[in-house]
Structure formats: structure tokens, C-alpha cells
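So, here come the structures, one by one.
Two complexes are shown next, each including chain A; its partner changes from chain B in the first to chain C in the second.
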Partner chain A sequence: MTKYTMYSKMIVHSLLRRRSRMFVALLAVAIGATVLSGLVTIYYDVPRQMGREFRSYGANLILIPAGDSQVVAETDVARATELLPQEQLVGIASYLYGRIKVNEQPIMVAGIHFQEVKKVSPFWQIRGNWPEEQAGDILIGAEVAELLKVEPGQSVTLAAGESERKAKVAGIVRTGGTEENYIFTDLPMLQQMLNKEGQVSVTQVSVMATEAELTTFTKTAGDKVPAVTPRLVKRVTQSEEMVLGKLQALVYLVTIVVLLLTLICVATTMMAVVAERRKEIGLKKALGAENRSIVLEFLGEGLMLGLLGGLLGTVLGFFFAQSVSVNVFGRMISFQPLIACMALIVSIMVTGVACLIPVKTATSVEPAIVLRGE
Partner chain B sequence: MFWQILKGSLVRQRQKMFMVAITIALGVSLTTAMLNVMLDVGDKVNRELKAYGANITVTPRSASILHDFYGVEAGGAGQYLQESELGKLKTIFWANNIVDFSPILETRAIIGQTASEITLVGTWFNHRLDLPTGETVETGIKQLKSWWSVEGNWVQESSQGAMLGSMAASRLGLQIGDEIDLVIPGSDRTAKVKIEGVFNSGGPEDEEIFVPLGLAQKLTNLPGKVGKIEVSAITTPENELARKAAHDPKSLSLKEWETWYCTAYVGAIAYQIEEAITGAHAKPVRQVAESEGAILQKTQLLMLLITVLSLIGSTLGISNLLTASVMERNREVGLLKALGADDTEVLVLTLSQILFTGIAGGFAGYFLGLGFAQIIGQTVFSAAVAAKPMVIPIVMVLVVLVTLTGSLPAIRMLVSLRPAEVLHGR
Partner chain C sequence: MNILELRDISMIYGTVKALQDINLTVQKGEWVALMGPSGSGKTTLMNIIGCMDKASRGSVVLDGVEFSQLNAKQLTAIRRDKIGLVFQQFHLVPYLTALENVMVAQYYHSMPDEQEAMAALERVGLAERARHLPSQLSGGEQQRVCIARALINYPMLILADEPTGNLDEANANIVLRLFQELHQEGHTIIMVTHDPDVGKLAERCIMLDHGKIVQHSNRYEGVAKACVNG
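This part shows the complex of A and B:
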């Protein structure tokens, strides 16, 4: 019992009495642990956060009517999309295509829910405004706008069969794609005009999921809801997989390099701090201490430093990762206990090992030589 | 005398000084590697994002509306682009930013064996093109549509081969190796092609058949004409100026217009393509162009923050070690002071020792860092990371700053040191 009291007393006192130097060592360990926990947290979090960014490429999954049918019931689409992981869903935009007359000209038309399309296809450039839901306003493709010579704010006449109505052009859509040849109305309004209540032609889904997850979904949804055929938008899913993989590899390698160098830095600092205590070791040996007890004492000190520095660093590292996430992605991250534990263990280990190397060389020296100096 | 002391201390304490130099070298190599990677990451990621395919489509100015709305195939000049003009894409101001491009000529055809109608697309698969500048480029949809998964082979340019979309293949019951007759409805032009590959693109192309451009031109009787060009270009993320220009390039002031024209905005590149190719209308594909910018900015910001963290880390690490190494030399300094050296002399001596070690370590670290940057570049992007010259002054300033500030606490201690106390020992 007394042996342990003495042991702990020696360690605590050596830490306290040599405050300035121990502070230097503590700082070194803390920096190492900060870099470690911060970078590993970022590495762990990046694919998830980046995956969200990649959703700006638009839908990665489309649901089309099965077989030769041109339309599918909205209820069937809803049943299929319920099978998707709801919290990873970015948006579901249904389209109903048709042909109507706009100002007496036959134009292709798509009925959409504007709010959903805005979520699924954030790349649409709108001159003017997005229409309010249910207001009856329309969006108009840039090519059509040129053809009809209309500007945002003007009104056009929509005619399909018997029904005819006036609608205000809220904005002009520019995408560089086929959307520029369409006009877009509110979905229920078009369903009514074309007598296709409750029906849609195609549904675009934007969901944060890997290609493999999406492939399994297309199988299960195809089996459970036979009326729809889910298809991957390969261009988006495959490219996302590829680019995201590269990005992750980049962060991974950078993390490894930074960690390696930081740990070596920590180790050299610890070695320098311990190496200057050769005299102390010599004195202890002269007083009759065994090599084993000297090693144990220094190890105890090292572990203590590693623990303190590691704790400090882990907390700092989390805040660093948090600020990166907030600044880059505008989102918070959750605390990962596993990473914190790992950072703590690594910093204790590195400090311990870094302490032992100079102590080993010091203990092998004759005390008389060390005590005489040089 | 000064030099003798300096040299003596460096040689005699070479082990300690070596350690300091190593730590500085590690810190500097980290800084160099991270700065180089950070400065280059935008370019590299941008190239990766080319996997998303074309971001500019070029169509004939007058044909676009007629065809899209009424399906009218009006003949005559002006409805098509000239195949011979494609090389001009590589002569515009931002020619180096144009990575891949491919012409498209579409028509409806009937497959003789099954009597079913299909969209026939003539294109370049992997075409060697001689440029007016004397260079040759290899381009085509093999590069442009990297996400296609292909069973069988890509078609050779000269062959009578075709590639069939996966949905069309399963609908018509055709397989790789089958020979089919293509007939243009309402004419007697036919061709026999062999299906060399079946592709799955996950898009509308899955319902189409792709043949070499020359064959499509023969079938449609439109020699040397193309209907559309898809272009993949490396672009700068959009900003306010680019949006203003996209709305109407004429609304810019002369100075703004110059900046816009000489920046690789997708709009500016499209504008230059219109200038180069007669009767062309180049449209940026917003889906690709906008998203690229967003992802690029996020990646760069992420790398910047990681770089800052590693910079702070290595700075603190170096200054820590310096403090430790100066502190342990208090006896030597005590002796110097006892022999009559004043504070300035002691300071100059210590600082020059540190700076000397720092510069040596920094030099080694810079090259080590370049090595690290190359490892990262090769492993992740399979391309070398360009060694930016601007990293050198940054690193130099950093080394001097870090070694000096790092030794500040130690210097304070040295100045307040009382020789008698130290020499006597505690």
C-alpha cells in the first residue's frame, strides 16, 4: 500500500514541480490528440455530408409505369416510395406529361408539384419566381418563352380539349436540357384538364443512398408494387459513387499523413523532455533504485500526461470537427464516443512509448558518468 | 568567436539539434504537402466531376425548335452543323478546358428482322481527330459517357458495328453478335450492322441504337452533317457575374465582359463555341454545371480547413520542441553569462543556432512534403500534384516565424536567468 502511495506521490510531484516543462509536454500530447480526433471525425463524417451535396445533381431514381402503360396511379407511386428510407429522402417529384395548346400553339406540358421539383432539381434557373402552390400560375421553358414571346408576369391561355383557362407565367426555366421545351403547371390542375385524375407519367426521386442500396430498392419495390418500374439514373448514381470514392480516399490519405507526422512530432517532443532528466535517473540509480522501478515511474508519468493531454485534445478535436462541418456543410455533427476512446488510447500509447525510449538509454548508463555531467 | 561557439554547439549537441531539425522537417513537409494538395485539389476534383458527362450541348441555331416541337425534319443548310467544323472546338480561348466532345446525328430507323422502329444515333465512339493546330485528340462517347456499363465491346470507328441499349435489346430479343438490317422508313437506304455491345446507361439512351457517325450520315443522306454536339468542359464555379452574363451577355460593361470572357465560366465557353462554329447555339447543361460548382467549393473549403488544422498542429509541435530544447541548455547559458556575455549576445547566439537548424530542417522538409503530395496525388487521382512555386515563400515565412515565436518563452527564460542559481544546480 505504502509502495503505491509513494509511487503516485513521486509521479504527481514530478509533474507539479516541473510545471513549465510538463506543460510543454502536455501541450504536445494535446495537439496530437486534437489532430487525431478532429481528422478522424471529419473522415468519418465527410461521405455522409458530401453525399448530401451530390444530391444537387438531381434525381438518382425514377419510377416509371410498368409494361406499356403510359401513366401510373399516384397511390401506387406513394406505396413504392414508402419503402425508401424516409430520413434519407431529399424529394419526390411526380410529372404528368401531355400536350396542350398555349396561345393556340401546341406545346408539351408537364404537371408538377413545384415545391418538390425545387427540392429534387435545385439546378433549375428561374427568371422570375417559383409559382405558389395552388395559385394556378405556371413556369415556362426558355425555348417556349422565346417561341411564344412571353415574359414573367404575362398571362397565357391554356387549352386542352374543352377546358380552357388563363394562367399567369410566374417564371422562365433555364436548364440547358429538354425542360426548356416544356411548360409546367400545377399537377392537380393538369390532371383535371387532361382528365387523368390521380395519375402521373414519371416520378423522380432524390434520395441519399449508395448505388447498391438503390439497386436493392428497385428489386423490392418492383416486386411489391407491380404497377411501377423503378430505375436507377445511372449517370448520377455511378458518377456519384466514383467521385465520392475519390474524395473519401483523399481525406483518408491526408488524415494518415497528418496523423503520422503529428504523432512523430509528439514523440520527439516527449523524448526531448525526458532526455534532459538523465541526471535525475543517475541520482536515483546511485541511491539504489532498480532499472525496473525507474522505467515504471517514467511510464506512469507518461501515461498520466497521455491521459490528460488526450482528454484535452479529444474535446478540442471534436470542436474543430464541429466547426469544419458547420462552415463547410452548414450542419452539426454528433459526438462519436468510439473515436474519442480511440484518440485517448492512441495518445496514451504514443506518449508512453516516447517516454520509454530515452529512459531505456538513460538507465543503461553508469550513474557515476551521468552525475558527473557530460 | 561567435562562429566558433555556434559551430561548436551545433557539432557537440548534434544529437539534440538533429532531433529539432527532424521535427521541423516533419512540420514543414506536412505544411508543404497540404498546401500543394489544397491548391491543386480544385483542378483534380473538377476532372473527376467530368464523369457526369457533357455540360454544354451545341445545336444548330434554327433547327432546335422545329424538330423538338413538331418532329419536322426540315432539310437544307442551317438545320445541321458541319462535321468538319468540330475540330474548331479545340481552337477557342478555353480550348484546353474542353475535355471531350462527341457529335450526335439522330434519325428514326426500322430494324428489318423485327420490323420495329427505333431511334438510331450516329456518333463517335473513340475517334481520332486531327486538329487545325496539327495536334490529334482522341474523343467520343467512350470518354464522355463513362457511366455506361457495356457488355461486349465498344464499336470500332471503321467497322459496321452497332451498340444497342439494354432496354431495346431485351424488348426486341437481340443479343451481342446478332446481325440486323437497318432501314430508313420512306426510303430505300439500308445497312447491315452487327451488334458488338449492349449498354446500360440508366437513361433514355437505353431505348436507342448507336452506330458510327459515317454510317448514320449515309443512311440519312446527310454527308458531313451532325445534328448536335455534346461537350464536356472544365469550368469555373458560377458567381454573380456569370449569372448576369448568362441572362444577357450584352448587359455587361466592357470591363465585366472582358473578365467574363477570360474566365472559364460555362457560359463564356458556350459563347466562344458559338463564335467558333457557324450557325451553332451552345447551351450550358445546368444540371451538371451548377452542381459542379457547389461540390468543388465544398471540397476546397474542406481541404483548406484541414490544412489550417495541420498547420496549427505542426506550428505548435515545432515551437514546443524548441522551448524544450532551449530550456535544457540553461547551464550553458548560465556559464556564458557568468563569463560576461550580455543578454543580446546570448539571444543572438541562441536564435542563430535555432534558425540554422530550422532552415536545414525546413529545406529537407520541403522536399519530403513534395513527396507526400505526390503520393496523395498518385493514389487518389492517379495524376501528379503540381508543385506550386507560391508554396515555397509561404513555407519559408512560416519556418522563420514558427522557430522565432516557438523560442519566445525559452528566450524570456534565458534573459531572466541568474547564472549563480543555474550553475550551482537546484
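This part shows the complex of A and C:
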């Protein structure tokens, strides 16, 4: 049997055959690791989860025609939006604005792709239904509906120049904003009526990205597609950054506090372990153990505790984070191996540091206490 | 041949003189009994001989090495290499088996050797109990493990502190028989005891009282009298 085997045996048996005391220490490490791993997972996942939440407040980026132009070609918009990270795109809603007559009254109109607007502006409240794409139905803003005294299901007459057609009102829009003063038609239909095929006035983009990422995009897109001027919707991006920053700072602070508490808890438990094992330490020293051997044994026990508690805590921490994510954000999170490794390493390190003082105390035990019978 | 020499050893704790001018020589293969009432300084003397305490004054020479100039690390090395300890309370590591407890001494000394440790347990009649934890052994068995552990590194001196003090008569006899065998094999033994019958087994009996040697006799010069008086 090698010295290393005997060393491992002593450590493992010390932990396994003194279960009750070691269970308390293991629990302390595991709880610390659970909270640590859970919080770091949440810390990592909060921007992603909150980013999705923020997307329900509307677009965070708009693309407008460059210079004095009132419209921009849809192909240019497409070239610009291709530069965005496609997997993070929530929706791209283009608008073509104009003025037409509705039941003989001049009204502001916007041509849109209804399904895209639904994604970008999920906060729109519709009384009635969203129109089917290309069905020729329209949405009417609440103010306009009141003015024209129309209800969902009724038809109105749309006239622009020589062009005139009947359209059924699918729903009435309430947003609390300027949208209530517009009517919304299918984009190709309006482009045809206004003789502006393939052109749009503005494009709203909802994308899960930080303010910094969006700023980079605006520069790149502006350079590569000169016909388009991208602009951030500052009130959305800045609020998002601020809220996320504060949330992350809070989680960060709690993580530090938990780490400190774990450190104190493990150190206290290890001190108690050393105190109750003074005789054993004295005996080992009486048998010829050098301080280095005693330090290595206690440190080994501590690190083993850190490893076991860390493993247990990492697994529990994932479930803790999962539970928080499901209950708060209503979404599942994926297992992050990097966070698991990090939590494990931090648990081992924290336990190691927590063992330093007790281990130092252990080396000061006099072997004579064994003979004195103290 | 002198294996141990104590010259003018004194131990002073504040104003208390635990030992005063102790002079003692122990020869190789000798069995010496240290006797005396509680507080007479027996354990203090054992601690000094066992390199677990340093005398306030005087010198201890074991196998030609003088202790007073040695640091803690060097004293630990002497204890590990030259001394085997047997305790009244047995003092086994509670979470290790009998075999592992013997191997612990090997581990700190050099290299654990399971076969050798098993042979040591066989010698004290505990081969079948080798895989048992101390809590599963009787007091006598625990003391025999303690003796096997003390012998495993071939010490030049065995220090035994009341080795039968916590044992019933049957177990005490087994343990004493072991000590007699060790003595016959040539081991040097210093044993602290209160028991005159145990003291009689030793070749020499040293009586301590208030930190001083008050009687020093050998078997052939009335040790029985000295020990019985103690």
C-alpha cells in the first residue's frame, strides 16, 4: 500500500465513518454551492429572460430612410436586417404611411404585415380579430373607429386617388398611443393604392440584444446599406440596460454574501471538528505525525467536503435556478456546464480557505494532551 | 549499554515544581517501572522521555542524542523513529480499523505495509479482529492494538502509561504477558503503573513523590517491598 493510498483511506474513512458531524459540514457546503450555482445561473440567464420580457414592450430599433427621402426600398431594409443576429430576432415590422379617404373622410393610414406587427408590438389590444394576411381586411384605431362610427365586421370604403375599394374592419386597435388615429391595411395593398410598390416609410425591429450590440449594428448597417439609417429606440434600450444592470448587481451582491456566509459556516464547522478531534490530533502527533501531515489530512478532508458539497450543490442549484426561471419568467433554462464547473471549483476553493484557520489551530495541539488524558 | 540517561531533570510550571533533579539511567533491554501517587510527576517524566515536553532544566540523552538542543520537528522525528507509546486510554483513531490504526504509525514513519501490520496484530492475537473498528473491540483488544501499533516501527524504547489501568484482570493479564514477551525478546520498556503486581514484573522500580525519586530499587534488592509500599 502506498502512502497516497493510506492518505486517501484516512480521508475517506474520516468522512464516511463520522457521518453525523460531516453531514453538517457537507450540508453547509452544499447549501452554499446550491445558492451560488443557482444565483450564477440566474445571473447569467436574467439578461436572456428579461430581454425576452422587454421585447413585449415594442421595437428597440427602427430603420428609417436616409437623408431627406420619405421612403426606402424593402430590399434595402432586408439587406440591413440580414446583418442582425437572426436567432435573436423577434420580429421586423415595416410601415408605409400615407393619407387616404375612408368613407369620404381623410384618415392617416399605415400599411403593415399584420403577423410581423403582432410579434413586434404584442401590446396592441385588438377588439375583434387580427386580419388574415392579404385578405384585404383592415384594423382601425380606436379614435378613428369612434369618428367613423364603425364596429368590427362592418365594411368601409378606402379611396386614394383613382383607386377605391371596400374593406372589412377585422378589429379595432387600442394602444393608448398614436396608433389609435390610424387605420392599418395590408402593406402590399397600400403600396398598390399609393403607387409605392416595394417601398416602406419606416421599419420597426425587435431584437434581443444589448444597447452596445445594437449601437454596433447601427454603425455597420449604416455603412453597408447607405439608403437606410438605423436608430435605437433609446427609451426602450436604456430602460432595459438600467433594469438589467440593477438586477444583475443585486444577484451579484447576494452571491457575494452567500459566499461569505458559506465561508463562515464551513470555517465554524471545521473549527468544531478540530476542537472535538484534539485528542486524535495529539495522538497522531504523538505517533510522529509532522504538522505538514496534519495540515494535509484536514485540508484533504475539507477539499473532499468541498468537492462532495459542491457536486451536490451544483445539481441542486440548477433545479433551484430552474424553479426560479419557471415561476418568475415562465420559461425553462438550459444546463450550463461552465457554470457547474465554476460552482464546483469555487466550492472547493471556499472550503479550502475556510479550513485554513482550523487547520492552523490543529497544528498547535500538543501531543502531550494524549498522555495527560485531557 | 545505557540507552537512556536523564541528568538533573527538573520541570517547573510557574511556581509548581513537577520534577526536581531527576537522575535516571536505563539500559538496553531493561524493564523499568515508574511508580508513585497521583501528582508525583510520573506522566510529566514520561512526556519528557517521550519527547512530548521539554524539561525546564537538565538533559535527556536517548541513544546518544541529547534532546535539549532539538527543535519540535527533530523531537517528533525521535518520537517517531525511536519510541513506541502505549496509553492507558488506548487512544486509537476511532474511524480506522484495528489494521489501519497499526498502519497509521507506519504511514507517519515510512511506508504503510499491510502484511507487516497484520503480522503485528497476529502477534498480539488479533488477526481475526483486524477489520474491526475500535468501537467494536473490547478494552483489552484495543490495548493490544495499541501495543501492536507501538511495536510496528521497531522502537528502541517502549513507553507505557498505565497500560492495564483500564482493563479487567483477565485482559490485564493478557497485556502483561505481552509485555513480558517483549521484555524477553530484548525490548526496553518504561512503564508507569500504580499496580504493585505490575511493578513486580519490572526489573527496576522507581518511586516518585512530589517530583523526586524517593526510592530506587531492583528486583534483586527488594523491588517487591518498594513497589508494594508505593
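Heads up, the rule we're going with is that the second predicted complex is superposed on the first by the 348 of 374 C-alpha atoms of A that agree within 3 Å, B and C clash if a C-alpha of one lies under 4 Å from a C-alpha of the other, contacts with A are read in each partner's own complex, and residues count from 1 in each chain.
Just so we're on the same page, contacts are C-beta pairs under 8 Å (C-beta built on N, C-alpha and C of every residue); 3 or more make two chains touch, one makes a residue touch a chain.
Nothing here was measured: the structure is a model prediction, and the numbers come from that model.
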First (chain B), second (chain C), both or neither touched by A:E53: first
Chain B versus chain C as contact partner of A:P367, first or second or both or neither: second
Which of chain B and chain C A:K234 touches, first, second, both or neither: first
Which superposed partner A:G288 touches (first chain B, second chain C, both, neither): second
First (chain B), second (chain C), both or neither touched by A:V35: first
Winner by number of chain A residues touched, once chain B and chain C are compared: B
Partner chain(s) touched by A:Y7 [first = chain B, second = chain C, both, neither]: second
Touched partner set for A:E280, first chain B, second chain C, both or neither: second
Common ground on chain A, meaning residues reached by chain C in one complex and by chain B in the other: none
List of chain C residues in touch with chain A within their complex: 43, 46-47, 50, 52-53, 73, 76-77, 79-81, 85, 87-89, 91, 93-96, 100, 103-105, 107-109, 111-114, 133, 149, 161
Residue ranges of chain B touching chain A (in the complex, touch as defined): 16, 19, 22-23, 26-27, 29-30, 33-34, 37, 41, 45, 48-49, 51-53, 56-57, 64-65, 68-69, 145-149, 200-203, 243, 246-247, 283-291, 294-295, 298-299, 301-303, 305-306, 309-310, 312-314, 316-318, 320-321, 323-325, 327-328, 372, 375-376, 379-381, 413
Chain B-touching residues of chain A, taken from the complex the two chains share: 20-21, 24-25, 27-28, 31-32, 34-35, 38-39, 42, 46, 50, 53-54, 56-58, 106-108, 121-125, 127, 143, 146-147, 174-178, 180-181, 231-239, 242-243, 246-247, 249-251, 253-254, 257-258, 261-262, 264-266, 268-269, 271-273, 275-276, 320, 323-324, 327-329
Residue numbers on chain A that touch chain C, as the complex places them: 1-3, 5-7, 9-10, 13-14, 16-18, 279-280, 283-290, 293, 366-368, 370-373
